[in-house]
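I have a structure I would like to understand better, so I am pasting it below and will then ask my questions one at a time.
Order of writing sets the chain letters: A, B, C, D and E. Residues in each chain are counted from 1.
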Amino acid sequence: MGHIKRVRYRTVKRQKVGERPGAINIADDALKPIITVYSYNEKELVCADGHELKVILDQFKKCTDHTHWIQIRGLNDQKLIEDIGTYLKVNPLVLEDIANTHQRPKFDEYDDYVFMVTRQVYFNEEGELCNNQFSTIVKPNLIISFEETHDEHFEGVKARLKAGKGAIRTAGPGYMAYALNDTIIDTYFVLLARIGDELDSVEDRMYSNADKSIMYDTQQLKRTLIILRRITWPERDKINDILRSDNTLISNEVKTYLKDAYDHIIQVMDLIENYKEIASSIIDLYLSLVSNRMNEIMKVLTIISVIFIPLTFVAGIYGMNFARVDPATNKVMPDNMPELYSPHGYIYALGGMVLIGIIQVIVFWKKGWFSRL
Amino acid sequence: MGHIKRVRYRTVKRQKVGERPGAINIADDALKPIITVYSYNEKELVCADGHELKVILDQFKKCTDHTHWIQIRGLNDQKLIEDIGTYLKVNPLVLEDIANTHQRPKFDEYDDYVFMVTRQVYFNEEGELCNNQFSTIVKPNLIISFEETHDEHFEGVKARLKAGKGAIRTAGPGYMAYALNDTIIDTYFVLLARIGDELDSVEDRMYSNADKSIMYDTQQLKRTLIILRRITWPERDKINDILRSDNTLISNEVKTYLKDAYDHIIQVMDLIENYKEIASSIIDLYLSLVSNRMNEIMKVLTIISVIFIPLTFVAGIYGMNFARVDPATNKVMPDNMPELYSPHGYIYALGGMVLIGIIQVIVFWKKGWFSRL
Amino acid sequence: MGHIKRVRYRTVKRQKVGERPGAINIADDALKPIITVYSYNEKELVCADGHELKVILDQFKKCTDHTHWIQIRGLNDQKLIEDIGTYLKVNPLVLEDIANTHQRPKFDEYDDYVFMVTRQVYFNEEGELCNNQFSTIVKPNLIISFEETHDEHFEGVKARLKAGKGAIRTAGPGYMAYALNDTIIDTYFVLLARIGDELDSVEDRMYSNADKSIMYDTQQLKRTLIILRRITWPERDKINDILRSDNTLISNEVKTYLKDAYDHIIQVMDLIENYKEIASSIIDLYLSLVSNRMNEIMKVLTIISVIFIPLTFVAGIYGMNFARVDPATNKVMPDNMPELYSPHGYIYALGGMVLIGIIQVIVFWKKGWFSRL
Amino acid sequence: MGHIKRVRYRTVKRQKVGERPGAINIADDALKPIITVYSYNEKELVCADGHELKVILDQFKKCTDHTHWIQIRGLNDQKLIEDIGTYLKVNPLVLEDIANTHQRPKFDEYDDYVFMVTRQVYFNEEGELCNNQFSTIVKPNLIISFEETHDEHFEGVKARLKAGKGAIRTAGPGYMAYALNDTIIDTYFVLLARIGDELDSVEDRMYSNADKSIMYDTQQLKRTLIILRRITWPERDKINDILRSDNTLISNEVKTYLKDAYDHIIQVMDLIENYKEIASSIIDLYLSLVSNRMNEIMKVLTIISVIFIPLTFVAGIYGMNFARVDPATNKVMPDNMPELYSPHGYIYALGGMVLIGIIQVIVFWKKGWFSRL
Amino acid sequence: MGHIKRVRYRTVKRQKVGERPGAINIADDALKPIITVYSYNEKELVCADGHELKVILDQFKKCTDHTHWIQIRGLNDQKLIEDIGTYLKVNPLVLEDIANTHQRPKFDEYDDYVFMVTRQVYFNEEGELCNNQFSTIVKPNLIISFEETHDEHFEGVKARLKAGKGAIRTAGPGYMAYALNDTIIDTYFVLLARIGDELDSVEDRMYSNADKSIMYDTQQLKRTLIILRRITWPERDKINDILRSDNTLISNEVKTYLKDAYDHIIQVMDLIENYKEIASSIIDLYLSLVSNRMNEIMKVLTIISVIFIPLTFVAGIYGMNFARVDPATNKVMPDNMPELYSPHGYIYALGGMVLIGIIQVIVFWKKGWFSRL
């Protein structure tokens, strides 16, 4: 209907009922993984990429004094995930969560690593809402991130990594986890700015050229806001959990930045509520507009009908064929419609009609029907 | 009305008013129990089934070094329940709860056993929503489960038990309680996937071929969601209670898995909220559609009526029979409708009507009535 | 309007403004009290009844080794209440609460006694909703209950007392307080079952034979649910207060049973929420039904009007009396409605009308007006 | 519109922006103060009144062994308030709160005095809702109360003070503070009883003689309830604060009574919620009534129109003037409306019309349009 | 549409996605800063202003024994902000928050300074709602405030500073922070008073001269209230945080005043809720008014139509041309409309029509259609 794409919720296809916990179920339409490894320390940044575990292991051997960020885009390789899990001694339940991309944002602490989930929400190039999972495992000197698509979402972070300025090269994998997470939160602002613009243009359209797509479009925007709100609440809890955790992987320096990210996510929540209120207000105004339009139409119909109904009746009366003279007998019947045979009957009839019309207009005027409700 | 079955809530038929607490009241339509006993340890799995307590006692004697899972399907045997209660020294209030199948999910701890209730919610083969009670008593080396129907809901668990892989054979009755509970939670996802599909198809229907069954169907789906939500909230609390309990029947290993189940139930709650929002949004869009349709119909009626009402009146005027010549007296009355006797009166009249019509169309155009609201 | 009685809230008639706290104000329509005393121990049950304090005092003298349950039905005896208060050393504020029957459920602890209020909610024989106060004072070996009506609500408890089985004879006045309270909670289930049946029948009626009483009936049922909900929330808090209290009048055995009663009240709250949702859903469906009916009617009117309006206009045109020959001058005017004087003009006119009608039907068909919205 | 006065909220006119805290701003329409001093102990009650501070000081000198209640009605004397503040060493912020009569109910503790605010809400004699501030300062042996109007609200308390019975003469200024506060809470019940009666009469009117004032009146009552609710919530918190305070000005005896007042305020809150639900239910029923009325009217219009539209068309057909004989040429045209010249054409036409009418009635009957929706 | 300006939410333009935290991004339309320095102690007040950091440094040198309030209005000077940050050793994240003017009210404590954000909300001279950020850094003897506009908002504070009365000169920078914050809270009352007046005038208009701008205006006022509510909640939390903080920059004296400010913000929240309820109630009343107007119009149309439809039909019947005498054959057909040839047929027909009309009026009267719903 409208010009905004229908927002559908992803159906959660859970593993088979009663299956062993920890089983890795890859979605059928998942993409093949691309592995990129960034090994960096204060002095240098070494990159490598490929499609197999070997890329990672080689880099580990080559760069022993570095922090490693292993970026895996695409999840359609069950063996790779299992191998990484085995190599890094990760709990199978974590691997299941990485593959089953319906997790809410969360922060789970394990013996020597932490696991985080964030949601990437954005409109793709076709204008469809994407809601993908971004999960990271953080170990000392190591961070692995898993994404569902091959798209590039971290250009800014990579540019800062290459430039080597700021804390990014020195503050460890916890800072990198923060930087990636904060970048995703930044995209929420981009999404919200777009929603805000759409709401504005829908509202403009409502005042200038309202049609029924307004209802549809606003509902789609509202759904988008609801999806985003479903994500920001656990995201906030997640950041709170990290802030309250005393895990050594998250240094105090990183926590200072996370407090900033926490403020951002609160701002996102605020904006969502604002936009939801606007969406509701647009719907209310639209419904009122529709009802006013309807009213106006009804009023015009009523006034015109009610004025002409008695007039047409009068015309009907004088259109009756009561005979003055019976053609069969030629008998004259003077009581049958004598008006018709009065020399100025027509003038009187027209005059009477005009009078009736004027009286009606005056009555409706008095009733205030000509004012706009 | 629609193609979705009407969702009815089960009426709670409590015991008689003022009856002794602990009295076992079996519903009239309860099924006769089928007892199946699975005794297993790391090495072997021994099964037995029957309809009487003796099956259980025999198995206890035969398998002394095993964990026993006694699955009882059908509750219509008051004596059996009482005997089990007596044999295992279970509180009568627990037996009452097992028989009175309207309990909310809960976790009660007693001296040497725990009692849990879970709800099985699913569409049966006739498409009616079932909401059955699944209760378990867990003691050291022993778990008894009570179900209301004879249906098989735990094929996956039994397959894993037969295969003997994973923790299922070795992690004790607490793990089995988790496995059964988690299987039931998995069926919630199946139910929700179906509701999601139904909502999708209702929404498709709304855009392509809306009729009044949309309202009915969406309401039924909403009710199903409400029933499910009523169950998931206490279910979440229950799992939380188990996690926070320090009962030795629930080992730390089992708690790790329960945290996973906890995440699942949170996902279920999230999905329910999503689908409720969609249902509301469908209803809003449908009502707006109905109102738009109504508006359009009214507009067409109004425009056509309003255009023709004055024209018909004019035709009525010239259909009046004011006489030019009185047939009785043959007197000529030149003021009576001279238009009718003008050589081109008809042409002028038609032209005047066309003019009135065009003026009206222009006025309505200016008022924006031809645009689609 | 409908067949369900209008539900009115009881107006709270408080004591006069600024009156001394503790003043006993009996409602004008209160009933005269009937006193029944049940004195029981493990071996025997001694009953007595009457209308004056003397009955109680006599029984106290006679049965020194017993637990006494003094049941007072009807409150219209200010002196009796004051005398009981003086004899048992009860705070005047408690006596005020007993007489002023608008208290919410509560549990108040005093030095050597506790005071509890419960609400009795049920449909009386005239189908009117009653909402009466049931208050009890529990002291060691003694429980006094105050009811507003003479009706018998505790047949089950009295039968168990006579039978002498179970804990009722031995577990003290705390157990009796529990038994009475639990019996009242049981009646909530009876009330809810009736509301559930009514809602079911209203919904049946909606699908088969909807009229405007549906709105009225559903609103009355909703009000009943609201009244019940207002009572169950403080009732739950009350039971919680008792459970958390360490008063010796409430033994641990009684607390086990109270936990059961707590579960029941939670079930009652659950049912209330369920039924409220159904009531809302019935109202929504009914309003949608009304609006659909309206739509259908409008559509039929529109289609028939719109088809006939132009046809009637055409008939009006050819009913005009433009003269072919001026009767006064006999001048022939060939431009005046030549169609009327064409040999097959009538056939063509009818054919044109049929054509106009068919075109309109096709246009409306294309617009989808014949489908059912 | 309706017979209930429009409820307006008092605009809060705060002091000038950026003004010094503690500045006393008296409203322009405030009344001149009347000072009444009641000095009482167990034996005697000494009264005095006047308009100046001197009255108070004289009384202090005369009655050294008494508790003093200084009642100040009317606040339009900035100097008086400042002098009292200086004499009693009261914080200027407290004096500001006394003069700026928009405070919410609150309980503030200072070194040797406490400050309380309560709201007096009632309908005045003109039927307008008043929402005045009642503030008290309690010091050892002294309570000062400030009211906005000269009206007498504490007749009951003064009568008890004169009678000298009960705790009022002996329990100190804390008890007097309780007695005044409780009296105000009692007036809430009076207000609510009136609202309840109004709602009842509006509902009666709805069933017997509904007009559009129902919506207006119910909205005004709802606003009154909202104003009262805004006041009772902080009032409850205030009493709770007093109960939890360990200030020696509030003795344990007073606290026992305050618990009673607490119960009353909870009852008030309960009643407000009840009445709000009724108000909503009345509005829903009224809107449904309006919509039903509309429906019925539409149905009658439709049925009558739809029955007559085709009949009128048929009459229009046979009112057409297609000529059998061209008056100019006298040519007979047998195809032009032969029905008109059939001997029983009129009878057939009438019969056909009756038939069409009957068929339509049957169709509408089948469609259930004659049943009442 | 209405006379109230459309309320738009400011779009949050965050820094570029993935940018370094702490980066200062100045909005494109920010104003050039004006710096004003007020250095004051008990004895004197020294002012200075300019556009560069030098003004501040000079003043620091000149007034060593003073408290400094540096007021910076306009933020469009990235270097100035960075220089101040460097000079005062302020965390870059704080500087980012100062420049990115979308912060919620908050109170952040750092080692030797605190950072506060408040929102300035007011209608500007064009009647548009402004929502600007006011941020302050408080250090010992120093307070720096940052505003977005050049407008003067603190005339009252400056006047008190010049007058030198009260605590303002002596109570340190914490008191100045309180004074500025309280001044801003005072402007909320001004804004709310205006909203209250607008709501009042909208409601007046509704009763006297309702048109569709009522819906629009009320929605805009509601949005303003929502914006203000979004700000007051965190503002309340902020003041609470300050009150609970044990930072030495906030003395106990200042806390006493802050408790007063806390009461004010609670009053603001109360007023907002009141006005929101009024806005909702106006919308409900307006919609009911529209629907009543519609109903009345429909009723008039229906009554007039339904009365005239059968009459017009009768007139149509007697307008039919069934021939008494076939002009071609001169055959007399006595069954064709004999009424037309009865001597008083016209009188009878008119009489019949009047009768039909009267019967209809009586039926509608009985149905209560003439009463006003």
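Keep in mind that, in the parts below, a residue touches a chain if its C-beta (ideal position, glycine included) is under 8 Å from a C-beta of that chain, and two chains touch if they have at least 3 such contacts.
These numbers come from a predicted model, not from an experiment.
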Both-way neighbours, i.e. chains that touch chain D and touch chain B: C
Chain C-chain E separation of Cα centroids, rounded to whole Å: 40
Whole-Å gap between the CA centroids of chain A and chain B: 25
For chain A, residues contacting two or more additional chains: 289, 294, 298, 301, 305, 312, 316, 319-321, 337
Chain contact graph, described as a line, ring, star, complete graph or other shape: ring
In the complex with chain D, residue positions of chain E that touch it: 154-157, 159-160, 165-166, 179, 182-183, 186-187, 189-190, 192-193, 196-197, 200, 203, 207, 256-257, 260, 263-264, 266-267, 270-271, 273-275, 277-278, 281, 284-285, 288-289, 291-292, 294-295, 298-299, 301-302, 305-306, 309-310, 312-313, 316-317, 319-323, 326-329, 331, 333, 335-337, 369, 371-373
Interface residues, chain D side, partner chain E - complex: 1, 6, 8-9, 11-21, 91, 93, 96-97, 102-104, 106, 209-212, 215-216, 219, 222-223, 226-227, 230, 283, 287, 289-290, 293-294, 297-298, 300-301, 304-305, 308, 311-312, 315-316, 318-321, 324-325, 332, 334, 337, 339-347, 349-350
